[in-house]
Amino acid sequence: METDLARAWLRAAAAAIEVNRDHLTRLDSAIGDADHGTNMHRGFTAVLQALDGYPAATAGDVLIRAGGTLISRVGGASGPLYGTALRTAGKRLTGERPDPAGLAAALADGLAAVCRLGSAQVGDKTMVDAFAPAVDALRASADAGEDLGTAARAAAEAAEAGLRATAPLQARRGRASYLGERSIGHEDPGAASTALLFRALADAAARPAG
Amino acid sequence: MKKFLNSAESFLPEVLAGLAAAHPDLRVDPAARIVARAAGAVAGKVGVVSGGGSGHEPLHAGFVGEGMLDAACPGEVFTSPVPDQIVSAAAAADGGAGVVFVVKNYTGDVMNFEMAAELAADEGIAVETVLVDDDVAVRDSTYTAGRRGTGATVFVEKIAGAAAAGGADLTAVADLGRRVNAASRSFAVALTACTTPASGRPGFDLPDDEIEVGVGIHGEPGRRREKLRPAREIAADMVHAVMDDRPLPPGTEAIVMVNGLGGTPLSELYLVYGEVAAALADRGITIVRNLVGDYVTSLDMAGCSVTVCAVEEPFLALWDAPVRTPALRWGC
Amino acid sequence: MKKFLNSAESFLPEVLAGLAAAHPDLRVDPAARIVARAAGAVAGKVGVVSGGGSGHEPLHAGFVGEGMLDAACPGEVFTSPVPDQIVSAAAAADGGAGVVFVVKNYTGDVMNFEMAAELAADEGIAVETVLVDDDVAVRDSTYTAGRRGTGATVFVEKIAGAAAAGGADLTAVADLGRRVNAASRSFAVALTACTTPASGRPGFDLPDDEIEVGVGIHGEPGRRREKLRPAREIAADMVHAVMDDRPLPPGTEAIVMVNGLGGTPLSELYLVYGEVAAALADRGITIVRNLVGDYVTSLDMAGCSVTVCAVEEPFLALWDAPVRTPALRWGC
Amino acid sequence: METDLARAWLRAAAAAIEVNRDHLTRLDSAIGDADHGTNMHRGFTAVLQALDGYPAATAGDVLIRAGGTLISRVGGASGPLYGTALRTAGKRLTGERPDPAGLAAALADGLAAVCRLGSAQVGDKTMVDAFAPAVDALRASADAGEDLGTAARAAAEAAEAGLRATAPLQARRGRASYLGERSIGHEDPGAASTALLFRALADAAARPAG
């Protein structure tokens, strides 16, 4: 992953979140506290500002800077979780041009950090339910020797499938868990934002960097 | 959405500006987003810091002052503060004897305060954390996020704050806070949903003859929906939920709060208090102190919560100790 | 209608029962329908009595205690008390030095208090009446019922109460109350209607983008309807209305209250206070004391009022004097 | 007016107010504070109780007792006003069998007391707007030598016409005056209850006493 691609990814992510801000908040309104769209929007707006003119040598630098910004600007559950995910992944991306396998390994680290911090696992109806299948798909595609564009597209599709699969679940982590059985039937807002982030990665990887 | 605001984005800074204008005893730092005592940290005293999402006013900023909190760090509406902000509050509160964080048990709050505790330690500030998790509507289990922190926060902040003011050390203040939390249980019902400035619409639709039972303080729906019933029955159910979770023997002395969620008039809260007091008297509980009013709110939600804290030594003396904050004041 | 109550008929007695249970410093007489100090009248001190329809809590019962009222007589919701009740309150408040009635200017209140004053005189209690009429939304004219009494009531009760506590005689306490009223002006806006327990439905329908401007505290519609606008503009308009009626020269010191009507969260009231303070600063007015919160409410109405009292000698010292009531407490 | 007729009047009035309680409150909700129906209901329920077993020698005694009860139980504007009206009228009805002219004179006294106490006159959009024409009609009918039943019917019709005439007026007294021009277009609640009281008088006078 190149520095430019990392920047393009976060720009695309910010744009997707801007467009889907109200949608994310509405999902959070159903089973949470109606702030996920606002939180993510505040965070990614700050990320774009923080990266503007920031001299990053590697894609890892970009992600670390973005993660730190999320931690210090978002708050809530999603701020520390996404922030830690990006910072952890960034720490693995030290090379100048990481390949799909390297990106998969870095994001797997980020996912592991999220699971640790949030004591969450797949099936708890959180962002992990979109994040984990996306990382799996990315790794499988990389293992199959596919290029980054293809791998990222597979990851996005897996994340979106993971998001849809959260609907029938009863939440065990995060605010939605307070609702008990009433959390069933709604998509998890954090899984929805994770799906947006992987779709943004696929979009950025599909476009010529610049 | 009908609110007094200029824009959703500017809501919180403008609320803080008004708070600063109204209370010269408070120092509001709009950049660091903290509210501290204007007189600064008290040298040698343990600092008590709390914070969380905004929308629960007067919690927490309204409890900053003599005998209670040294600093508060208000996050965005219903969003826990960020670590930097919490560290700033810790620094403002630290008089050299360490700082107690009073943290309501929400995933976001817990994570942000944990990160802040690490950063504060790096800066040489000793931190102890008291987690508040009093809401019995949520089943406590390792498979969930655990109980929410709600009304008991006021009790923890008052009593820990008084202990700190009285010269107790870091461990003692934190232990006392934990004991108050362990002795407290809460339960809430909502008659209406609330509307956050950012979302602009009520969090849920509730028919005119139904209530949400077992709600938290973030506008989320409750554990279940029930028909609206007479206040006497609702109050008895709330008392039952609280006492069922932690049965108290007859003769127990308690501090009790009937807390409005923001949109319920004081008259109704007094009516509920009368019913709660009667239901507790039936169980042989003696209320030795009480609070009736809006203390831990959920924006404009109509509803109320009941918190019962079984009194132990030395809760009562610390409860009665002087306090001088915008929202709680006596003895000075 | 969604309220915490058992029945519309039993609402008021049950609210009073809860008040009694919560505040051992108060003596609530359910038969006479009065709330007085548990310690009884203070011999030789002028008694200060107020009352009016219920639904405005904490007004008036919440202001009974040291340094403020000696007794309150709560009528049915939005209905002035009856003469017998007022006389009972006067008797409970009389320490032999006479009693001041603080009466909000409504036809019903005025007539009932007048009748009570006559009956009290028959019983040998000297009575002076202070009429509060601060609401500039109502044009003052001999062809109307005159201005309504709203927020300034709190100022009159606090300052006259402190004067009485300080040993002033009947005429002096009443004169001071009248001066506070003369120095005070208020204006209110509503975002929603309120619902009385007896009627069970909101007093008016208001579209989601409109507000009622110039409302009172009885759920009646205002002088006019306007589009909802940013809080800054609404606050500026309220300040304008108040200052237009009684222009104050730059340099004037004022006590200012931003008062919630019952359904508006404290966060919004602070935001409005910030805007009001800025608008007053623009006009060179210095706010020397303030209150932000729910003091004179209209059940569950969302909205707020602004009251400005131009400080004269000796308002400030009396404002700062100790007060110990359920709703206002400092200095003790 | 006989003692029994006075009792029958107040019973009929209480019944009419019970039936129209919500209607009166709704009228008061539009231009006042939504309590007129409750106030009148509380008052007349108390009046019936106060008269139950009360040994009244004259119709005047009945009205004085009823008026005093209204004053000590209703509160608001209507309590003192109606209470004073009945007490004042009662003081004139000392004879055992007052004729229509005597009743007209007594109620004229009651009306005058209301106008004095409330500083109100016809056209201010208050109960006076129904009360005054009713008294005029009663007197005219009495002057024409008509019997009480006829006179009371004329009074009731005049009160109802007076009520309807309040709708286009702008209020100058009572809470409705706070609304300024917005009080126009609504009937006055106190005028509505006055119309009910005169209709109750006509009903009681039409029925054989007992």
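Residue numbering begins at 1 within each chain, and the chains themselves are lettered A, B, C and D in the order written.
We take it that a residue touches a chain if its C-beta (ideal position, glycine included) is under 8 Å from a C-beta of that chain, and two chains touch if they have at least 3 such contacts.
Bear in mind the structure is a predicted one, so any value in this text is a computation, not a measurement.
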Given chain B and chain C, the chains that contact each of them: none
Inter-chain centre distance, chain A versus chain B - centres from mean C-alpha coordinates, in Å: 32
Rounded Å distance between chain A and chain C, as computed from the means of their C-alpha atoms: 54
Chain centre separation in whole Å, for chain D relative to chain A (CA means): 74
Residues of chain C engaged with two or more neighbouring chains: none
Junction residues of chain D, two or more chains touched: none
Chain-chain contacts as defined at top: A-B, B-C, C-D
List of chain C residues in touch with chain B within their complex: 1-7, 11, 14-22, 54-55, 57-58, 62, 191-192, 208, 211, 228, 230-232, 234-235, 262-275, 277-278, 287, 290, 292, 294, 297, 299-300, 302, 304, 329-332
Footprint of chain A on chain B - complex, ascending: 8, 53, 75-84, 106-108, 111-112, 115, 137-139, 143-145, 148, 196, 198-199, 201, 203-204, 216, 218-221, 223-224
Touching residues (chain side chain A, partner chain B) in the complex: 25-26, 29-35, 37-39, 42, 71-81, 117-118, 172-175, 177-180, 182
